[in-house]
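Note that chain A is present in both complexes that follow, paired respectively with chain B and with chain C.
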Partner chain A sequence: MREKHFGLGLFSLLVFIFLLGPLLIISVTSFEPGTVLKFPPEGFSLRWYENIFKTGGFIRTFQISIIVSLLGNLLALILGIPAAYALSRYDFKGKSLLNAIFLSPVLIPGIVLGFTLMKYLIVVYQLPMYLGLLIGHTIIMLPFIIRVIASSLSSFDFAVEEAALSLGAGRVRTFFQVVLPNIRSGILAAVLIAFLESFNNVDISVFMTGPGVSTLPIQMLTYVENYFDPTIAAISVLLMVLTGLLMFFIERIMGGLTYFTKR
Partner chain B sequence: MALLTLDQVSVAYDNQTILKDFSLELEKGKLLSLLGPSGCGKTTTLRLIAGFLEAKQGKFLFGGKDYTRVPVNKRNFGFVFQSYALFPHLSVYDNVAFGLRMRKVKDRDVSERVMRMLEVVNLNGFEKRFPQELSGGQRQRVAIARALVIEPDLLLFDEPLSNLDANLRVNMRVEIRRIQQELGITTLYVSHDQEECFSISDQVAIMNKGIVEQLDRPETIFKYPATEFVARFIGFHNFIEFDERSDAGDAISLKVGGRLFTATANPGTVRPGARKGAIRPDDLIVSGDTGQEAANALPGMIKVSTYLGRSYQYVVETELGDFTANQEMETPYFSGQRVNLIFPQDKLVLVE
Partner chain C sequence: MKKSAVYWLLLPGFVFLAAFMVIPIVLTIGSTFVQENAFTLDGYLHFFKDPYFLKILLTTLQVSVVTTLVCVVLGFPTAYYISRKAPRRKGILLALAIFPLLTSPVVRSFSWMIILGRKGLINNALVGLGLIDQPLDILYTPAAMMIGLTHLFLPLMIISLVGVLENIDQDLLKAAQSLGASRFTAFRRVVFPLAVPGLVIGAVLVFVGSLTAYTTPALLGGKQRVIATFLYQNAMTLNDWYLASVIAAIMIAITFIVVGVMNRMAKTLNPKG
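Up next is the complex of A and B:
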């Protein structure tokens, strides 16, 4: 029996409005022909979309953001896959400590992490800004990579690996031919989630950017400090589309983010 | 000489010793079962032989060579897992072909051998399916084919039938025995199901807490359990502790509380001094006639009577404690009735 529950329906509607309302408003205002953000807009124009490509900085920082996210992702995978494997397959002394260390970037406020990284990587060790940014992003992606891949590994029967060993495959070959193909979707999800995390990051990046090196979110931040035109709304719309596409893929690959929150 | 020899091996997880000075031998072409309650160390023994575990002490010899430190992937043993452990991302064909490809067998030969093996396990026509698309019994066949196709020197089964339903279990165990004998492959089989082990094995090793209590032909174990543990495990529910024993050739006389019993001599499975008698409920005769005071008889009173379908089960109270007896009869004894328990001489055995 299903009762129609008016109050509950109304409540859900309010939550949706609350969540989606701002997105809707931004989307609509991005088509404003005037020079100031207004709601409702006074017409329809794509000039601010054009402006994204004309104004220096957005495209360049977008490229940097993409490069840093992708490279960082790769580094996080190279570090994270073996770590996830060890954490899910072996019992050893200090395992829970290691677990805590790998997950700590999620627990420590980004500002603190960012500041510390800047202090040491940039100030003390004098690393180039670009490298610092890359390291910072690798660090924030690592917990997501490890978490998602470890959960994918722990649902994969260890006996299957042992079967490969008993059939004559070495450990390395077993990993590449048996383990990896079976956690593909886990890895893909990890990469997408980590990418979003890194691409949208502000609190780490803000310490690792400077003249010539900046990420898109930081560039946007700088822009809104100086201008009030709807360019930011237009960029936001494009980013929402990009994020939406990624989410769509995650959804298709593994039934959504519930995969991530289940355990 | 035995093909496989475990010589005084010890295995421990962390600080807990699971196997201690464990020894076992297996002849070429034979099927040996390890039978015992859950947790007694059967899987541990199997994994040690497979090479997934390392012995802390002792030696594992195979075909006259020391295999103690040979890594798993160099042993050429087939392992059939309880969970089947098929490769989920590979088709039936590729699952079976996996071991051959690791051995760099030519594609043409791979195809020929895989198809032949799928025929042996009655799975022709299933090559293109994936494990998720198979029933439990079919998966098990793939697992067996995959282990067999590499022509292993030894085949290891860890409770391969425990995830199947009862009917299929019986069919599959006949199948496993058929294949094993057809290919003459030396096999070590682990199970906690007595009927399963007894029906397919040349030899059975009954294990308890990491030691082998008895290793013998199934028929011998069934009739002449060596220890009380084995006896209980295979269905002897009645035990008598005798005070005196005297042997005269094959005839053994026993005394307890002034009562006289005779028992059959074990064919060398039990230490000569053993004084504990054991008998199955099915072999104990409940007689209504209480007049006689014969040897191998014990007066008592029916305490509980339950209907088992084919027979009645009685719990009989006697001066030596309670005994359980199963008996087929038209009209059952009633509770409180005085009866005589008869212990047939050839069914009363002595255990340690």
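Up next is the complex of A and C:
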């Protein structure tokens, strides 16, 4: 059997080189000592890593990105957990429609959502830019929060909840002391997946920049349009390390990366 | 629990999405049909008559179709290979496929600027080998967009396909072969039909993703516009919000049509009915 798979294996290897090669190349070029991005680099230097901290507002926008992603995540959890619970626990009139509405932010093209948010939240509703950015990020995180938590609830045995209720625990107490602890890992995974989705977002944030307000991806985009030095490569390496760490946690929490193949 | 209580659980999220997403989008689409207080289709008629707009739409569709096809051709064998591996190996390969998916699209598009640029990796190699005298213009062309988008969305195709392929019972293949089917026939008649639902989901994700992508065309397309970058340009640089709204409505319409048609296709093609 083995030799018959040789062609397939070679093909897959080439596909993986295509997928990962560019990320490897960007990592190597981040150590370039000169001012122009080259592959292969002409030496080894960490000056562009130092440059991240010195120029371009990368640190400030990184902080904004983190705050927006974390606050938006919290907001999406507050809105999403009750919704996920209702949608996976009960049957009721209009369920499929409500389900469709809650998952619809993934279906609306991001750039369209960004434009309409800018047009209405900032211009019509007159909300401050920070708030618009936060609301936009909450909207795009909601479907991920709801989907991951609902799938975690679908494997929860609701007989346990019934038992707690019949023993006299109130509805609210049962939810917080019985249901929630049981889907803890699902919630954590939802938070991490939604965080990456928000942290990497360009389509919404690109419409929500103003004086003093911008996210890291937008700052990088603006920088690339003006400079072609290895600073962005250095930031890319740091971001990939962050992604790798978060993926490791998602894998540990969920006992595999099956969420991604069963969407 | 009282029946109405369920709705209270859904209310906060519903109000949030209605106020900040549904109403703005409905009003944006609605605004395209009104000019000077009268109903009009002028925005759309103008769009579909203007050769410059049509060319942008056509380029976007071409880039998306090619990207989707390339993702199928590259993704299917790779997903099949991954799905045949033992769990531990499969987990590692899947993680390697998912990693780029979770990496910032800015980072991924930027990496292709290093590779495809006039002084990039490919041109340096080709000039160095004496194969060409002048560097090729690859960056800032539709081809660069296709390469970047394939790189962006191939993982989605692979994981959608692994999801269905790993559930196909190997005994089915063995049974087909023991009944005299060749390996190829067994694959075509047994594996492929069972993989169709995953293939359709993957194709929808890649096609709609490419059709509406902003970052990759913005970085790799140069002056070559696609509908997403055209929308942004009109909204933010030219301040033509009416045209931007028309483009937004067209993008939503195309997305919903594609998803609707593909859903129907997935239902009719699904061998399980």
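The definition used in the following text is that the second predicted complex is superposed on the first by the 254 of 263 C-alpha atoms of A that agree within 3 Å, B and C clash if a C-alpha of one lies under 4 Å from a C-alpha of the other, contacts with A are read in each partner's own complex, and residues count from 1 in each chain.
Following the convention adopted for this analysis, contacts are C-beta pairs under 8 Å (C-beta built on N, C-alpha and C of every residue); 3 or more make two chains touch, one makes a residue touch a chain.
Note that the structure is predicted; figures quoted are calculated from it, not measured.
*Asks:* Will chain C clash with chain B on chain A after the two structures are superposed, or do they fit?
*Replies:* Superposition check on chain A shows chain B and chain C fit without a clash.
*Asks:* Does chain B (first) or chain C (second) touch A:L74, or do both, or does neither?
*Replies:* A:L74: touches no partner chain.
*Asks:* Now for A:I17: first (chain B), second (chain C), both, or neither, which partner does it touch?
*Replies:* So A:I17 meets neither chain B nor chain C here.
*Asks:* Figure out whether A:L46 sits in contact with chain B (first) or chain C (second), or with both, or with neither.
*Replies:* In the superposition, A:L46 contacts neither chain B nor chain C.
*Asks:* For A:L121, select first, second, both or neither according to whether it touches chain B, chain C, the two together, or no partner.
*Replies:* A:L121 sits against chain C, while chain B stays out of touch.
*Asks:* For A:H5, select first, second, both or neither according to whether it touches chain B, chain C, the two together, or no partner.
*Replies:* Touch status of A:H5: second partner only.
*Asks:* Once the shared chain is lined up, is A:E162 touching chain B (first), chain C (second), both, or neither of them?
*Replies:* Only chain B is touched by A:E162; chain C is not.
*Asks:* Quick one: classify A:P181 as touching chain B (first), chain C (second), both or neither.
*Replies:* After superposing on A, A:P181 lies in contact with chain B but is clear of chain C.
*Asks:* More chain A residues touched by chain B or by chain C?
*Replies:* Touching more residues of chain A than the other partner does is C.
*Asks:* After lining up the shared chain so the two structures overlap, which partner does A:A100 touch, if you call chain B first and chain C second: first, second, both or neither?
*Replies:* Touch partners of A:A100: none, neither chain B nor chain C.
*Asks:* Now for A:M247: first (chain B), second (chain C), both, or neither, which partner does it touch?
*Replies:* Second partner only, chain C.
*Asks:* Rounded to the nearest Å, state the minimum C-alpha distance from chain B to chain C in the superposed three-chain model.
*Replies:* The answer for the closest chain B-chain C C-alpha pair is 8 Å.
*Asks:* Quick one: in the complex, what on chain C touches chain A?
*Replies:* Against chain A, chain C makes touches at 1, 3, 6-7, 9-10, 12-14, 16-17, 20-25, 27-28, 74-75, 77-78, 80-82, 84, 91, 93-108, 110-115, 119-121, 124, 151, 154-155, 159-160, 162-163, 166, 183, 201, 208, 211-212, 214-215, 218-219, 228, 231-232, 235-236, 241, 244-245, 248, 251-252, 255-256, 259.
*Asks:* Applying the document's contact rule, which stretches of chain B touch chain A when the two form their complex?
*Replies:* Residues of chain B touching chain A: 50-52, 72-79, 81-83, 85-89, 98-99, 102-103, 146-147, 150.
*Asks:* Going by the contact rule set out above, which residues of chain A touch chain B in the complex?
*Replies:* Its residues touching chain B are 157, 159-160, 162-170, 173, 178, 181-182.
*Asks:* Residue numbers of chain A touching chain C in their complex, please.
*Replies:* Checking each residue of chain A against chain C gives 4-5, 8-9, 11-12, 15-16, 18-20, 22-23, 25-26, 29, 36-39, 78-80, 82-83, 85-87, 90, 92, 98, 101-102, 104-105, 107-113, 115-121, 135-136, 138-139, 142, 171, 196, 199-200, 202-203, 206-207, 217, 220-221, 224, 228, 232-233, 235-236, 239-240, 243-244, 246-247, 251, 256-257, 260-263.
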